[in-house]
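Paired with chain B in one complex and with chain C in the other, chain A is shared by the two complexes that follow.
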Partner chain A sequence: MGGVHLLGGNREDRRGRRWSRRRYLAVFLAPSFALIAVFYLLPVILTVLISFTDMDYSFRWNWIGLENYLRMASDPIASKVLGNTLLYVFSTLALFNVGMALLISLVTVHIPERIGKGYRALWLLPRITPSTVYALLWLWAVRQDPTALINWLLSFLGMEPINWLHKYPWPIVIAVNGFVGASFGMIIFTAALKSIPTDYLMAARVDGASTLQVIRHVELPLIKWPLMFVTAYQTLSLLTSYEYILLVTNGGPGYYTTEVWALYSYHLAFAQYGGVVKFGYGAALATVLVILGLIFSIVYWRAFRFRELMVEPKIEV
Partner chain B sequence: MAGRHLLIVLMAVLTLPIVLLYAVLFAQSVSEEVVGVIPVNLTLSNWEFLRDGNIKVPGTTGQFYPNVYAVALNTLVLAITVALLELTFSSLAGYAISRYKFRGRGALLALALILHSFPGITLLIALFYVLNVMGLYDTLLGVIIIKVALDMPLDIWIMKGFFDGVSWDMEMSALVDGCSRLQAWWKVVMPNVRNGLMTVLIFGFLSGWSEFIYVLTFISSQDYWTFSMLVYALTTGEYSYINPGVTSAVAILYMVPVIAFFLFAQQYLLRIQITGKGIS
Partner chain C sequence: MRRKGVSRPISILVALIVGILIGAVIGYALTPKTPAGTAASSSGDLEKLRTENEQLKAKVEELTKKLAATGGGEITIKVWTIGPDPPSEYRLKNFQIAADMLNKWLAALGSKVRVKIDGQFFVRPVEWGEYKNKFYLAYKSGKAPDIYLTGHEDVGFLASNGYIIPLDDYIKEYWDTVYYDVIPTLWEAVKYQGKIWGVPQDTEARPMYFRKDVLKKLGWSDEEIAQLPEKVKRGEFTLEDLLKVAKEAVDRGLVKRGIVHRVKEGYDYFQFYLAFEGRLWDAKAGKMVFTKSAWRKTLQWFHDAVWKYKVISPTQFSGDWDKDFHGPFTKGEALFLSGGTWHKGEWVSKGLLTDQEFREKVGYMLHPAGERGGRPVTLSHPLIYTITKQAQERGVADVAFLLITMVTDPHLNANHAVKSSHLAILYSEISDSRYRKEPFLADVAYMLDYTTFIPNHPKWGDYSRIVFNVLRGVESGDLTPDQAFNELLSGIKGLGSDSVIIED
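Showing the complex of A and B:
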């Protein structure tokens, strides 16, 4: 059993308690882990298994070995989508999820707290707005109409109204996701910056450092780990996200212009207009993401010492 | 200090797009037309659907979208059930993991952590299969179960963190006084993790309330539509820009709980991010 048994008692008692202990553990753990097993763990395994079949709407398990993966390797759409995904992930990450997040945190900790807090709250708004509403706000803003937000603003600079979604689909897609994505890093970075002892900052100030020098030589080096954590975590999030792209461009305009890997998998399985539903091939694409997820969780484990979060309770009743 | 003012202005410029996006939404809901962000001809006619809940499909003679109040009820049922189930299950599991040593404890925690790396939306095909086999396709219950299951690993980690922070002494004295383990958990420990419970509850509610992809994929009959589907329907297709005023009004109605939490429960929303995902 281990642990310190603080309630003694004879052997009879202890056996009774051990039984009730098991019962309690079952009551405490069974509901959540049963759900996780059937509706989370099982789907991960099923995704991999389905990827070796040519399953369609009939749900028949017809094993075809590695055919889906060979097809993936020669599918011109898949390679286009892969390029799109890399463009999407790394630009959004650099510009917003890490770049903008860092900028907001650094600026808002250097201005009066009440104002800084207000700005950070506003940046949280896109994240907690339902995706369908948030996407809608952008769809309205980028319309071709001269009264639409972006065209209206640019008309003051003398620019002609254009259809932003058709002309510049990628900048729009990146901005739509970025304004949501920035808040995650912002919160982590702000918490990390606030936990820097003021002595350090004071010392640098006394030595005559400017704000920029303080940021460069004191603050940035001290938030190195949060920076790496956010980068790793958000890379995976972006790789697997497609909800806002589905809502704003649905992969268009035109031929797979803004289609990303996860969205392609979704389309193969659930939106084959007039075509055959391809659960098997879609699952193969999803399996690639599952494997990436596994690799990333190993990275978190190793690099960010998650094991330390799992220390066992020191006393036990 | 001049530098400080410059920083405040810089933040204002960076944040302006967000403010403008939402300003258009509010302006549109109370006017006939919006030029940029400026409402033209103020009116409340966009809100008339509140009278009987009926919104006509543009371009048709007598077709209506599912009644707004039925949609609101579905969304509420989904959100409240998800929130309460997540609250119950995660506070039970989080407590056991925080307080008991048992074989497989590390494995369960690791499982929760690793699974958290597979966002549910990449597992749609397999989830679709599971729901069909279990006869849960096209039911609200199916969506509820999936939401709870997929949010559970994160919830367990959040609650474990809060239970870890509760001192042993009170619990010990309750047990010595003859409370059972369940009684001690309920009467002594739970009141001390109120912040954690609020966090999971609000997070669960918002996650159920906003859910879109699972409803889109796993619900086919309009009887089970939620707000996300109604807004999606109002904004897709060839008639999407015919009546932005009504669409704005529906979207604002949809955002009421979100805005309420935003104004009154921000500390919990911030905590979600820090305790939950930002384990750094």
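Showing the complex of A and C:
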């Protein structure tokens, strides 16, 4: 009897604990869920709804079905802009946000700590400089004037001044974004490299591995997850970024030369000389960007097997 | 509550001012028409007018008493204006002058009501697009200005979407005060569906400026230089000739750049299309026009200017206003500048040129015809004052219109025109002493005979954007003239046949 009573009490206790656990979960998750709902879900829903209208500054919900999407499919500029976007995202990613970040991290953890720290701190400067100031510095550096930084330096080699922005718009756009973006990966990779137990590195050295071999066979495999995370995260980040391109080339210097998807959407929705705006078409472009982001997320999730990263470890180390 | 509180003194105030203005007009009418000794034949009329004047005086006295009884109060009128060139600041300052004047009258009449201007004058880096964005967003959040200065091409959109109110009744009421004097073609620019939605603020012409000193160094005689605007008028000096002269100056090392044009999007580029006999507007159909042959020639001209004659820099469109537009021309490093009359005001006010240097070194002409014997062109973009619906809802539309009427004054408007190098909107302004002292304005007045207004069409902004992007592609070398034409045509077709007529 007593046992049954005890058992019943346990069941109630368990039920009570489950209920209070759910309550705690709800309390702790509610603020972040509210934030996501207000600042992400709601704008996405509104953007999708506006994309089915031809809304302009009349702010009228004039439903036109899929017209904006059909127009996008036949818009020759949209296809050019899509090509630009892919070039921009993957070049910046490979050369700077992952490539350069990894290089800096590897170099700076293999040199004396004090120098390494100072060098990494330098790479944080572009990120902490206000966007407009940073963009202006670039514009001053690449202008055609003989006194512009690059032309001034090259003048010592007897070279004629060049309008760098006009001649090499893509390398400059990629560099402008890359110098800012590299620091994110640099911090994560450095932290990951520093968390590798020194026993592994010592053991490799004792076995006669060179620095390059240590990097190739010990360090890189051990920072696999951070590498894949930064690649995925920075792809999504670059896909939606446009502010530095806006400030440096504004999509030019030629015919949509450096116009990327997010900038095209911004131009159509907000930045027309005559104040004629296309919220509907701009929203359709933004919706496609959200879909592209989702597709990339799924591809990365599958290809990089992020599920394995998320599951609880089988043993506690 | 607020509306009720404001509307009574306002209606009394407006009635009072109308009385004063009518009295002033009658007084004015009396003085010049009845010189001493010649009034015998019209003594009956004179007596009648005197009686009317007495009646008005009585009315004013009555209103003054009423106004004094309404107590004090401040009526704030929110005014938004833009340059974006800094010398056009009198688009706003004139309102402050008018409000001061009005307050003095009110004080003299014993009223404690005062009018205050809460004004904004936007200058670069705020450009037109951003200014208009600010307006629509302010309107949407219930903070719109009462008086909004904008380009005439917005009338259709603003009116059809209920942002502004029609002004026909007000204009009729104040017609004899000042509006009879407005140059009639300007009324056409503010009409939409048979109603008047704005009051013209200013207009301008877009000349092709040239450096006389550089032409002299090229071997032109003073007479030849003086004759150039006339030759352009007769169609004897074409856009092709412009390229040739510019090339000669560049080749001989007299200038670094042959021709400079604006560095950002704008409407100026359409002048070249008009010079090649392109049409922009079909008034009968109420549609914009795309003339294929003219666009082909225009694109070829821009391509040749950059890549064949090398007189326009391929980086002009990614340039800077000071370093690539004002600077090279005012320093004598560029021979021709496709600009606007207001640029003269900008150069003088910024100290880039003195008035004397401008007179001695700079000449101005229409944009030459595309082909020999053709018609030269310019383009005008009249700005207008509108009254928002929110002003009406606040109960201050009457006072807002009264202030607009006061700034549409020959003296105040001439002040703006002279300081910023814009053209007169009133006949009497042309004979204003300040205006007459500015020979440049008198010299370019003829250009209005060759002008075109941009179309009052809701999709005009799209047309303009497509053209700008394509021209940027041609100048940068991204597009050949043929590719550019195909891109342009495909973009314009996208606007729909209900908006644009495409003709050969």
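General remarks:
We take it that the second predicted complex is superposed on the first by the 249 of 317 C-alpha atoms of A that agree within 3 Å, B and C clash if a C-alpha of one lies under 4 Å from a C-alpha of the other, contacts with A are read in each partner's own complex, and residues count from 1 in each chain.
The definition used in the following text is that contacts are C-beta pairs under 8 Å (C-beta built on N, C-alpha and C of every residue); 3 or more make two chains touch, one makes a residue touch a chain.
Here the structure is a predicted model, which is why all the values come from computation and not from measurement.
Of the two partner chains placed by superposition, only chain B is touched by A:241; chain C is not.
The partner of chain A that touches more of its residues, comparing chain B with chain C, is B.
Contacts of A:163 after superposition: chain C is touched, whereas chain B is not reached. Residue contacts after overlaying the shared chain place A:110 against chain B, while chain C stays out of touching range.
Using the contact criterion defined above for the overlaid structures, shared-chain residue A:270 touches chain B and also reaches chain C.
Residue contacts after overlaying the shared chain place A:58 against chain C, while chain B stays out of touching range. Shared-chain residue A:93: touches no atom of chain B or chain C.
Looking at the shared chain after the overlay, A:249 reaches chain C, while chain B stays out of its contact range. When the shared chain is aligned, chain C comes close enough to touch A:144, but chain B does not.
With the contact threshold set out at the top, residues 59, 270 of chain A are in contact with chain B in one structure and with chain C in the other. Contacts from chain C toward chain A in the complex involve residues 127-133, 135-136, 140, 151, 153-154, 157, 160-161, 264-266, 314-315, 317-318, 323, 458-462, 464-465, 468-470, 472-473, 476-479, 484, 487, 490, 494. Considering their complex, residues 3-4, 7-8, 10-11, 14-15, 17-22, 24-25, 28, 33-37, 88-90, 92-93, 95-102, 105-106, 108-130, 132-133, 145-146, 148-150, 152-153, 155-156, 168, 171-172, 175-176, 181-182, 206, 209-210, 212-213, 217, 227-228, 231-232, 235, 240-241, 244, 247, 251, 254-255, 258, 261-262, 266, 269-270, 273-274, 277-280 of chain B touch chain A.
By the touch criterion given at the top, residues 57-60, 71, 75-76, 144-145, 163, 165-166, 249, 252-257, 270-277 of chain A touch chain C in their complex.
Taken together, the chain A residues at the contact with chain B in this complex read 1-3, 6-7, 20-21, 24-25, 27-29, 31-33, 35-36, 38-47, 50, 55, 59, 100, 103-104, 107-108, 110-112, 115-116, 119, 121-126, 128-133, 135-141, 143, 147, 149, 152-153, 175, 179, 183-184, 187-188, 191-192, 211, 225-226, 229-230, 233, 236-237, 240-243, 246-247, 262, 265-266, 269-270, 279, 282-283, 286, 289-290, 293-294, 296-297, 300-301, 304, 306, 309-310, 312-313, 315-317.
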